[in-house]
Amino acid sequence: MAMTMAEKIIAAAAGKESCKAGDIETVTVDKMMSNDGTTHLTIDMYNNLKNPHIADVSKLVWIIDHNIPADSPKTAASHKKMREFAKENGITFYEGEGVCHQIMMENHVRPGELIFGADSHTCAYGALGAFGTGVGCTDYLYSIVTGTSWLLVPETIRFNLHGSLKPGVYARDLILTIIGKISANGANYKAMEFAGEGLHDLSIADRIAICNLCVEAGAKTALMEVDDVAMDYLKEHGREPKAIFKSDDDAEFSEVYDIDLSEIEPIVAKPHFVDNIAPAKDCSDVKIDEAFLGSCNNGRIEDLRVGAAVIKGKHVHPKVRFFVVPASRAVYKQALKEGLLDIFMEAGAMVMNPNCSVCWGACQGVIGEGETLISTGTRNFKGRAGHKDSFVYLASAATVAASAVAGYITVAEDL
Amino acid sequence: MGYTLVEKIIAKKVGHEVKPGDIVTVPVDWCMIDDIMVPFAVQKFEEMGFDKVYDPEKVVLIYDHFLPATQTDDSRHFRVGDEFAEKYGLKHVHRTDGICHQLMTEAGYVKPGDIAFGTDSHTVTYGCVGAFSTGIGYTEMAGILGTGQLWIKVPETIKIEIDGTLPGNVTSKDIILRIIGDLTASGATYNSLEFTGSTVDAMSVASRMTISNMSVEAGAKCGLFAPDDKTCDYCKIPYDDEIKDLHGDDNASYAKILRYRAEDFVPVCACPSLVDNIKPVSELKGTKVDQVFLGSCTNGRLEDLRTAATILKGKHIAPYVKMIVTPASRKIYRAALADGTLEILSDAGAIITTPGCGLCCGRGGGILSDGEVVVATNNRNFLGRMGTSKVQIYLASPATAAATAIAGEITEA
Amino acid sequence: MFSAKIWKLGDDIDTDIILPTEYLAFETVQEMKPYAFSPLRPDLASKIQPGDMIVAGNNFGCGSSREQAPEVVKALGVSCIVAKSYARIFFRNAINNGLLLIEQPDLFDEVSEGDIAEVTPGKEIKVNGKSYDIASLPDNLTEILEAGGLVKAMRKRNGLD
Amino acid sequence: MGKVFKFHKDVDTDQIIASQYLLFPTIDEMKVHTFESLNSEFASQVKPGDFVVADENFGCGSSREQAPSVLKALGVKAVIAKSFARIFYRNSINIGMPVIVSKELYDVVKDGDDMELDLLSGKILANGKEYSCTKLPAKMQEILDQGGLIASLNK
């Protein structure tokens, strides 16, 4: 029977030959990531179980990344609870090392794995051919206690990528365009799979940016075929695949899109929804108060290089606060070595410690009433970055850096 | 009869001799307003009915406590500041450059002999270059913005002489902590502290800054160092006769003179929850810590980061312990990037944040919860300063902080 | 002369105790009021009644220059503070806000919380039948206090009141 | 019988409970901030047994389980929407809060209307009229019946 990549990963996790979209399968989960957004609640629930235990502690990765360093005593108490539980139970634990998904990509994710993350952007792991999906803390708790969970096998929307992106256009412009096209719930319950020769030109950073944002179209997961680019990344980080799957040629897709990468233009997603897209060039009447380059979506070294190239020798607009937040310690150090951090600091940006930062809107760079942020973060929901009456525009690293200089939204080439 | 340094500075400004206890009205060379206080100062200024700022060149607005902002109302303070600056033609607004007290001398504003007031108690920091500077409330600041002057009582002076060579693991932070312990938290109330001696002469301006900065923790009105050639280098001014005259005379009248031998100093901590609760680090050995903070206007300078880096090089902070490093200014951050300091600190596992007040002001940057212990290089360990009232704060030098981060318990460098 | 109920605090009551940094940036003093003294005595702000007084030991108001500290005490309706000594910035800020501060070396050690004091500014305080001498303020400060604080004094200077 | 609180299309998890409250130690401390950005009165007005009725794609965005949890903690009996985002849907079932798909209800009720829901028969009574809603898949009904996913761990 012909299967999609998603079906193959789930079948393997269920210990079956095959499965098909619409089936509900009981699966063994390969890894379980949780961060400080919800883990304190998971621990409370865990402690209330009749027989609390963890099926396989080696599969757990806990990461403090959202509110680090802590912004309030309440945050600190939740962190303490998480840190102590991790220590007592021998859970792999990171604190202040970077955004959870970046740490998972650098250190843990393997092709063919089925990974639960108590965070919606867990779908990023598809960039390495792993089935990552976001779950709530109850689902998470069930999976750490039993080692298993149930999954509705998703249908797959296939995106065949052709050609290559024009200079000055980035993976982020591509995925925002796709979400605009299929809408914020266009892939609800589904897997979004990316294939085609256009994929080969995209770096792992590009691929993560694409997969990561698929949840903004409602997707359960995002997947990409594992090719040389992915294998080189794994090798560089000292890991082997669990298994390499690709969709059969005659697999059944719920929809198929062919996308010509050369047609993509710089895009912004306007408030207050990710699918509310517009050409970046059409937004030059939008003045900004703050700019943010970072997040699990766009805080990798490649993104910092793009931002630094735009801003080098220029200065951030005096009324704009520009936060640059490397996605992990490794990214921070690489950017330091390459001189990028100094380019940003010289230009008047503020380089922050690796964390979720402005994207999450609760710890650093919170914006005020009536203010406007341009961001490489994941979401532009109402109030996402601070005050309920504030505005977030999502754009590429290049557009964000250019806008930070101009003081209004602009593409880099018009700077 | 000679004069103390503060008497000379004030006399020069008012144009006649002064003695302790005199109430005089002084012209103000610099006004510093930080982001927390901007809206309050602006409101009072307007309530007072002024229509212009006495000299827009002499007012510096600095946004530092709220960077990065942690609350939705924080940026209102920036907006009020920007609007005020625009309306009254203020020339100097630092929006993202670092901590106010670092910038006031680093960016070239305050020079030896100047009189400066700021809306923050650590305005005493500028005594490191031989300026009379002290913290005031926003209502008085509003008055100065309108009138360009302020009444002050000429303080008595306590002279502190330190001679000799410091032990290798002792920094100027240990000196000022010990002195605060000896004087007590109120022992220098209304007084000027004047630091002299061969140990002081050998110190960098940065080290002196740490001492001036914490003078207020003994209640002092100011903490002064006579400017020397190092001061003039730092301030980019000639070391001329006028500057050379800015020192306390030998025959001046001092309220008290404290004499110390540098060799007698040991690494110390201010223990919870008073700045004058001083104990030698050696007596605290074994106290487990959850977090270490290196930064603030007291100890966030390049030499402080370097001191820590020297100790942390090739080592790693203890598991489950966090070390947060917050350089005091953009300039310092860049210098520490350039000389490899930040790389060493990052390799050791430190969390390096953007320049600002950070944890020291208790609004972000590593707040703690009940029962947690922090060793911090800043200036206050008051109850609840960094989280709940059940957080234990130990103040220490950058060297002690770094050694403690490695060990996971309070340790001498 | 006025009479006031005593609330007693200790030595070194710092400005972070009088009003923690968290609440400094609230837009109005009214919003800050409930948090006065919260690290030390979370319920104190709700118990203090207008007209009550605070008695404390040495170095009251040490620490930061936050003027919110005396403002919030004044907003609670505190009629005066009697302490052994004050930190200087707090002292100035209090006078500038029209909050009466009295220095008295002995009273703190001899009174209890809840006692009623009779205060005659510039002259004496009577508690439990005993009289304590108090000094008057320097002229320049009396002027500010009499004007009702520095803002009012400046308004007068600018011909507004 | 409960009251209807009506919400628009694409209500995301940040509107249900904003990021700045998620690290509060308990759901009870968070719940007073439910729907703060959309209706600051909601948390004080909603009574146990009331309903949230919404248009398409309710609960899109993050995986924060705090979103259904605060609604449940406020006593919301069920959320009825034209459609749900999948993580919110799953989280709701897991904590034992009914989430019901009805394509028609949103268009026929107003804020403040009285309505009744019979989960077993899949019937809604609102403004004197009866509406049917989509039944839950068997797997989910099973989780809901046993009082949420955690209950199955405590068996």
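Which chain is which? They are A, B, C and D, in the order written, and residues in each are numbered from 1.
Going forward, contacts are C-beta pairs under 8 Å (C-beta built on N, C-alpha and C of every residue); 3 or more make two chains touch, one makes a residue touch a chain.
What you see is a predicted model, and the numbers here were worked out from it, not measured in a lab.
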{"item": "Separation of chain B from chain C, taking each centre as the mean of its C-alpha atoms, in whole Å", "value": "27"}
{"item": "Interchain centroid distance [CA atoms averaged], chain B/chain D, Å", "value": "53"}
{"item": "Residues of chain D engaged with two or more neighbouring chains", "value": "20"}
{"item": "In chain B, residues with contacts to at least two other chains", "value": "71-74, 76, 363"}
{"item": "Two or more partner chains touched - positions in chain A", "value": "72, 74-75, 77, 366"}
{"item": "Category of the chain touch graph - line, ring, star, complete, other", "value": "line"}
{"item": "Chain pairs that touch, as defined at the top of this document", "value": "A-B, A-D, B-C"}
{"item": "Complex contact set, residues of chain B against chain C", "value": "23, 36-37, 39-40, 44, 47-50, 66, 71, 73-74, 76-77, 118-121, 123, 134-140, 142-143, 146-147, 151, 185-186, 189-190, 217, 219, 221, 274, 361-363, 380, 382-385, 389"}
{"item": "Residue numbers on chain A that touch chain B, as the complex places them", "value": "68-77, 79-80, 83, 87, 93, 95-96, 289, 318-319, 321, 323, 329, 332-333, 336-337, 341-342, 345-346, 348, 350-353, 357-358, 363-369, 371, 386-387, 390"}
{"item": "Parts of chain B lying in touch with chain A, wherever the complex brings them together", "value": "67-76, 79, 82, 93, 95-96, 290, 320, 322, 324, 330, 333-334, 337-338, 342-343, 346-347, 351-355, 358-359, 363-370, 372, 387-388"}
{"item": "Chain C residues within the chain B interface of the complex", "value": "12, 14, 16-17, 20-22, 24-27, 38-40, 58-59, 62-68, 70, 85-89, 92-93, 96-97, 138, 140, 149-151, 154-155, 158-160"}
{"item": "Residues of chain D defined as touching chain A within the complex", "value": "10, 12, 14-15, 18-20, 22-27, 29, 36-38, 56-57, 60-66, 68-69, 83, 85-87, 90-91, 94-95, 137, 139, 148-150, 152-154"}
